[in-house]
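Just below sit the structures, each encoded as structure tokens.
In what comes next, chain A is part of two complexes: it sits with chain B in the first one and with chain C in the second one.
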Partner chain A sequence: MTQQQTEMVTVTINGQQVQAENGRLLIDVAEEMGIFVPRFCYHPGMKSVAVCRMCLVKVEGMPKLVPSCSTPVADGMVVETDTPEPAGAQEDMLEFLLINHPLDCPICDRGGECPLQDQTYAHGPGSSRFVEPKRTYEKALDISQLVVLDRERCVLCWRCVRFSDEVAGDRFIQLVDRGSGTQILTFSDEPFDSYFSGNTIQICPVGALTASTYRFVSRPWDLKAAPSVCSYCSVGCPTTNESRGDKLVRVQALPNENVNDFWICDKGRFGFHYVDAKDRLSTPLVRDGDDFRSATWGEAVAAAAEKLGGGKVGVIAGGHLTTEDAFAIQRLARKTIKTPHLDARIQDDGAAYERTLAYSGVVGSTATINDLDGARSIVWVGPDPKEVLPVLYLRLRKAVLDGGAKLIVVSPRRLSLDAFATHVIRCEPGGEANALSALTTTAPVKDDLAAPLVACWSPANPGRETGADLDSLLKVAVEKDARWLVCAPHAGSQGMLDMGVHPALESGYRPIDEPGMDTRAMLEAAAAGELDALIVVGADPISDFPNRNLAQAAMEKVGFSLVIELFPTETARLADVVLPSTAAPEIEGTLTNLERRLQKLEPLTKSPGTAREPWRAMADLARAMDDDWKWTSFADVWAAITKEVPTHQDLDVAALAQEVPPSALQYESGTEEQPGPRGPVVAGPGGQYPKGHRSGAPFKTASWPLSWELRQFEAKQRPGHIPDAPEAPEEKVGAGADAAAPMSGEGFVVYAGRQIYDEGAMVSRSSVLHALSKGAFVELNDEDAKELDVTDGDEVTLTAGNNEMTATVVIADISKGAVFVPYDQKGLRANELLGAGGRVKVAKA
Partner chain B sequence: MALPEILNGMKVVITNVFKRKETISYPEVRRQPYPRFKGRHILDRHPDGLEKCIGCELCAGACPADAIYVVGAENTPENRFSPGERYAQIYQINYLRCIFCGLCVEACPTEALLMTTEFELSGDSRDELIYTKEQLIVDAPIIRHWPAKTEYSPDRSEKVKIKDGGMVRDARYPENFLPDTRTGKGSE
Partner chain C sequence: MSVLTDEMRSVAEQIVAKYPNRRSAALPLLFLVQSVEGHVTDSGMRDVADILGLTPAEVLATGSFYTMLKKKPQGEYLISVCRNISCTHLGAHKVFDAAREKLGIEPGGTTPDGRFSLEAAECLATCDGAPSMQINYEDFYKVTPSEVVEIIDSLAAGKDVKSVAGETVRPAKDIAFETATAGLDLPHETADTRERLVGGESPPSDMAPGHRPVVPGIDAPPAEGGGS
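Up next is the complex of A and B:
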């Protein structure tokens, strides 16, 4: 991006002179000076509409009061926000708002952290002159599984409407009627189908929109909060976890303009109930015939350590683990057990992230998410980001619609991005590489491939990843002098690559001369009885690996298996020793997101029973194998990481520690420490408020220190490392390379992809979300559908090998000869179809 | 010699022997506390039997001793505990913590929480002194007495004197506060 020189102007607000960038909004400039102007409709994440009229201020020379949320500053402006004239207007606005407000704060979930309450305290009249009956509506309406609407409380600020329209792009809520009859409603004839609806709850300045999962659960003063990071996908949205007692009750977005702006997806917000699922493992289990018996931690570790000492051992790790776990896993494998066979790619089996190494010296992204905003063009190759990396979808949408970037999408099927893409290129599954190679030479696409360009890739071909598409994309990127976002799908995937849980890479992206086996090769070896022991940490290959039978056979045939898991998954049920693991809200740890930003998780709740972090399990195993790492705390692990991982050696992990600032949940009103214009808002009997009262000071998104970028360290180590004539890596690393199904043959090519809500171990244990999963469907091209004589909504049977499944037909824009099936849905196990050769016969049921 | 001091001391003893005794032999003899003595709490009901408490947690929020624990839940048509949407699924007061300040009673928006004059709160275990909703809630609504007071008419132009026993109405629950001649002594 080019640095634009902004003109500075001088404004006077409440007698204080200040320099501000020309054109900035008065409300923001005042806020930065510590002068808080009350507001309802203004939200820094959306465009101003100035409908609530709460932020009226007096500007010298203007005939009337002006709304500060839509007035840009100009040179010489003299503004008053708290003199009798604007203060009186603010008071009157509040009196108007309260005319029809039901004032049912005692039963309202927003009570105690409500901007309307706070601002009425600070700026409102002490009493109301309105004695007539209020307008009433039917109380709580469930407008979706997740959101409850109370129209009486709405102050008509349009925030939710603007969010759904401007930010999410899936209009699901609207203001209808006029005058005092104006009310907020959803469209009755359309399903409420949004992956981002929870954000409206967080931005609604009153309790009109509340969360069904948080209904009457708690009060803000009961809550303990800790900053954390969502562990569902690799966007890594910062969140605040909040607990009442020791029970996690709410997750909210923690704004960070570098990552998630102000938003998180509904999976991140409502998908936390897995932490206290009934079947959560709380004690180690040791096989006892066909069953398990509970054991002490020491007993289970000793039993496992005994079997891991010699022979051929493989290690498979999952995508939701922390950086520390990743480091411990590779240390146990490489240093203690001395095995080269370890991998963390399961669903994305074969994804050749390491191909970026030749071009940039790092495995993974060179761009940041923020680079999207300044891009002229963006290329997307991969799965549907709305399903897989939801908040990245919002950022892509913003980059295109607000930033004016040209979006080029290469995909075998219609993605949600197509709606605002400039060019959409359809290819057959696995044909992305060829399509990409043609990009730079084909008009009109080539004219829109202009720097600054961000090339985005994420693995999208489970079961047939070859890395060829990433290669082609990187060639395009290098040719166009672009940066890239190479997105490993899960929250912990990038950390696994950084820490060297990879058969061909040591930590710090150091290639190994003699690579070990990758996931597929390990499973094949195990199934053939050639593997003596298998350690599976936080992964469920039987459900997730794109060949279910192979994973099942491997778990059955392997000499010994140790599984570290949260739940008794299908894989864990076949293990010899099972150790209980911890969930993200319970631990101190770090996660590295898709742009290689390291973010800290702070612990909040306790893990059940004797469950421990996987890194502790690794350290205990090592100790039992006479290799005492002497790790007892998070800091010890980091002491080892900074010593052993070259990319992380200068990292000061203590600097990432952060408390939830009182302002993080709200960006309204004032606090005792930083009062609004008329003194502290918080008040209460005996002065004991605020007892954890967190309706805070104006929130600033800039310079949020919760994260740290690896980039700054690489810059030091590999100055400008982009080789002139990059050589494409020849062969796919690791054994068992070729899983690619031939494009010709009988039946349809299976193209599978994850959906936001699936049968995954975590999300399926959050009942509200599980109910929203789409179930078994299959996308067919309309020509193919005609040939099969089926239409939308018909049932078809999919047959592959011995597997037969039924699914509902969805006619979609997908390359001919291919079918799209969701990866892991009830009644439709794509990994069985993929395992049986990657082709299916489709017939009308 | 110490004799004068001893005699002086005995004088205090002897004069007190003939004074009227302040101590009573509790528990055989009990003294009636003053009507506004702040003792153990009760949760009131509406005349139709529904609970007044709506589980709002304002009492818990106001409590300086952190003695109250409330967990709200939603009424359903089949399972209705209180008017409106919300009721207290769990309501506990920990009398090991309570300092009988009455701030909770002041905070209660529905006048569900009241204090009685009962002060005999002791027990053999800590658990016993955490009173649950079942212990706190009354079986039948309490009839209360409202003292005389002066109110303003709606347009604030004139003062209206409400005599002792005058009807004070809550707009939403009209039968709520009935005139009564008893004093505000709680449930007994």
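Up next is the complex of A and C:
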């Protein structure tokens, strides 16, 4: 946010003169000129430590070689990276590193995309003088469900340790012991229990850390890769999906300094096995008495279209669909079926995102994630971002710890943010609005509310009115001239708002005079037998809506229901017609993240059977209802979006798509070195390599991009696009919040929130992650626990209405009189409790 | 499964109070664990992590770097015989063999009764007293094979054994406790409270800078005003 004058200096590297910002690291400046200095410990996403000494270069006037990863450029600096002196040092370093290295490349997952392998080819000595026995360790230690450690392969670069410390703050993996016995280790029986552990696998420059899901699965040159976007939460981390044959085998982070830096969470990385879950739907199903029979696509569409033509129809969409799906859904509802009843808020039922319209031209965020970095203050109101928006948590942490922002957290319970917050304000569930209105007047908090300020909000507390707290926050923001991040929960949620899958908004944030029914009203109408048909796209209200009984009754009583889904969810099982849907790695599309950034997904694997994208299903339904949209491709949908959605009319979708380098560079074999500037060349000893991989390149090449590192840097070029905000409408939609009704009644107020690993349809089908879910627990304040005579680890019974469930007590910092329960865990479905009025009785079991 | 009693935890808090950051107290607290358990146990490291607000892995990373913090059960007396060049030249290996035979254990081992451990040490920085040996970090110079056997017998019989500097060799747990609590004014401290440095060097007061104390029969009197 702040504009700083940067001074430019002139440096000469390998005879080439270049202008560079004063103080930048030599290693980066060289790299941008196409001179790649070999490295192990340096990583652009973390601070330099200069421990591996691989990047030594010669700087004129310096008595000794210097590590380029920790040497800032200065005016007049003359640097050599490939003359005999630095090249000799680099060679020696590699000889040292290989002394104890097991050289088990043939059975190592990293083989073929390994910085150690590549750098040894390019800069190494070719043979070793070390003939003594190597130091050995027990191989393949499972240090968590997800990560496997082989200490013999480790080059002690500290990347994993620094990531866990600096970036994630989960210090579970450390360098232990000393001297030649120094090794990476976790503490005896404590696993590497971090939501971000997979990043260490990706940045480990050798095969010391590997993924339990990818061990011995593939060679990099057998992989196909496609850039995509994680379809879980609304951070929208760019990823590469990688497949072998037609099977998705790996997901990795694609760096984007605007969104995720270099990181993704373990849910995004390991949560892809749902795509080939056994119960994935591959064919349309049509109800046949108590059962279903499979049908052709045409037959199923015709059967549905027949029932959608007249009467009262509702449409409910889920949070993991693309922008195109969202557009198609609202088009079918508003233009073809002509119903005003559509909504995409399910778990976040009633979340009043549209309140932002009163203050800006958009529904959603006016800030970007990057604005956090320049912020002096950040206010957070909402659920625990570490659980629900994991990489946003990393960005918030960075903004505070590196950027020095003051963080103010308003929450009824302790959040992971509290650890580095400047002020923590505890309130009752529903008391957020009042706590917020006091912010600007109460010392010492008010003194720390300084511009630039980013106010963050995400719906917490499902099933409860949240408009008032968002409104209070926006008032603070406006008073302090701040921007805000208003975060709808899922990867597709913002796209739904943008495209007008909302009862009170048309696409492009245009308010509607006579709003239709929202999700709750539709379900109530259906349960009362007053709805003729319900279309549910990519959603499972029975599991997710904060009133399970209502959703169940709605599906049972509605005249007709069409469900478009990946799996036979509880909702789908009650449908009349089910159409199989597609998963993110299979489609071309866009997702809009919590800062309204559109990013492109490219297809990689094939969908099973006759599964189709929901937008195609919508177009097919429309055609069956005599409204032919003539859409056959993604481009057709975008043509329509740019025509019909005012905010998106200038968007060049082609500019979103950029090629991402393949997962392993493939080389022609036997080519001679050409004069002139060289393209990417990975050196090899010139022997016979399979498929021409790396053969033919001369041994030792100064111009040496690592297949793996290169991908990281090139990939930075996909920033995505945030559409401009339209003028704020004069009419203030929904302004003037109703204060949350105070909860009255017996028992504890239920405050529910999602955990990173839950019973969601996709996560629960990714078995490695499902095993990590926390199960049924309930957080109690210690005073309340004393009164109930229970303590940590005791079992209690929770009773609400006719529902009774047991959970394990966790004593926590939570407002008195409230209990926190995870939203959707095995054995504890919060939406059963919430349906019964939001109060629960707790008793020792 | 805490190994630090409430009393020990209050000592721990006093140690912590000496430092500007809690985490700086990791090493003394690990010595405190060693003074209770005889070595640094997993449950002890968990206690330290808990007291300092670190993860057990961080405590392990810190503690495992230092050889005086023992990772496995250690005898009451640790006999460290130097194996570096000066001592080897002057017969350290014979001293080592005598100790090994006497105790019936290999380097790094501990006798089954838990009284003695034996280790081959790197240069103890007392090469002029070669062959050098330490017992619980008290120095013994010009050690002969028969001497080491004698010393072991005396310790085994519970007799006082004095180092070259005249210090009584004390059990490992005591040393660990002293190290942990150095500089604290503890009411319940043992009678044998002297200002000591870790490693059993004599108090600095009777030394000119750069000098080691004179050991009768070994050292020549230092030259007036000379360095070493």
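Quick notes on this structure:
Simple rule for what comes next: the second predicted complex is superposed on the first by the 761 of 845 C-alpha atoms of A that agree within 3 Å, B and C clash if a C-alpha of one lies under 4 Å from a C-alpha of the other, contacts with A are read in each partner's own complex, and residues count from 1 in each chain.
Just so we're on the same page, a contact is a pair of C-beta atoms (placed from the backbone, for glycine too) under 8 Å apart; a residue touches a chain by one contact, two chains touch by 3 or more.
Note that the coordinates shown come from a computational prediction; the quantities given were computed from them, not determined experimentally.
In the overlay built on the shared chain, the residue A:Leu417 is in contact with neither chain B nor chain C. Counting the residues of chain A touched by each of chain B and chain C gives the higher count for B.
By the touch criterion defined above, A:Arg219 lies against chain B but remains apart from chain C after alignment on the C-alpha atoms of chain A. When the two structures are aligned on the shared chain, A:Val131 is found in touch with chain B, with no touch to chain C. When the two complexes are overlaid on their common chain A, residue A:Ile107 makes contact with chain B while staying clear of chain C.
Look at A:Ala140: by the touch rule set out above, it reaches chain B but stays clear of chain C. Applying the stated contact rule after C-alpha superposition, one finds that A:Leu574 touches neither chain B nor chain C. Chain A has no residue lying at the interface with chain B in one structure and with chain C in the other.
On the side of chain A, the complex with chain C involves touching residues 171-178, 185-188, 190.
On the side of chain C, the complex with chain A involves touching residues 42, 45, 54-61, 64-65. Those residues of chain B that touch chain A in the complex are listed here as 54-58, 60-62, 64, 71-74, 84-86, 103, 106-107, 109-110, 154. Put simply, chain A touches chain B in their complex at residues 104, 106-107, 111-112, 131, 139-140, 215-217, 219, 221-222, 684-686, 688-689, 691.
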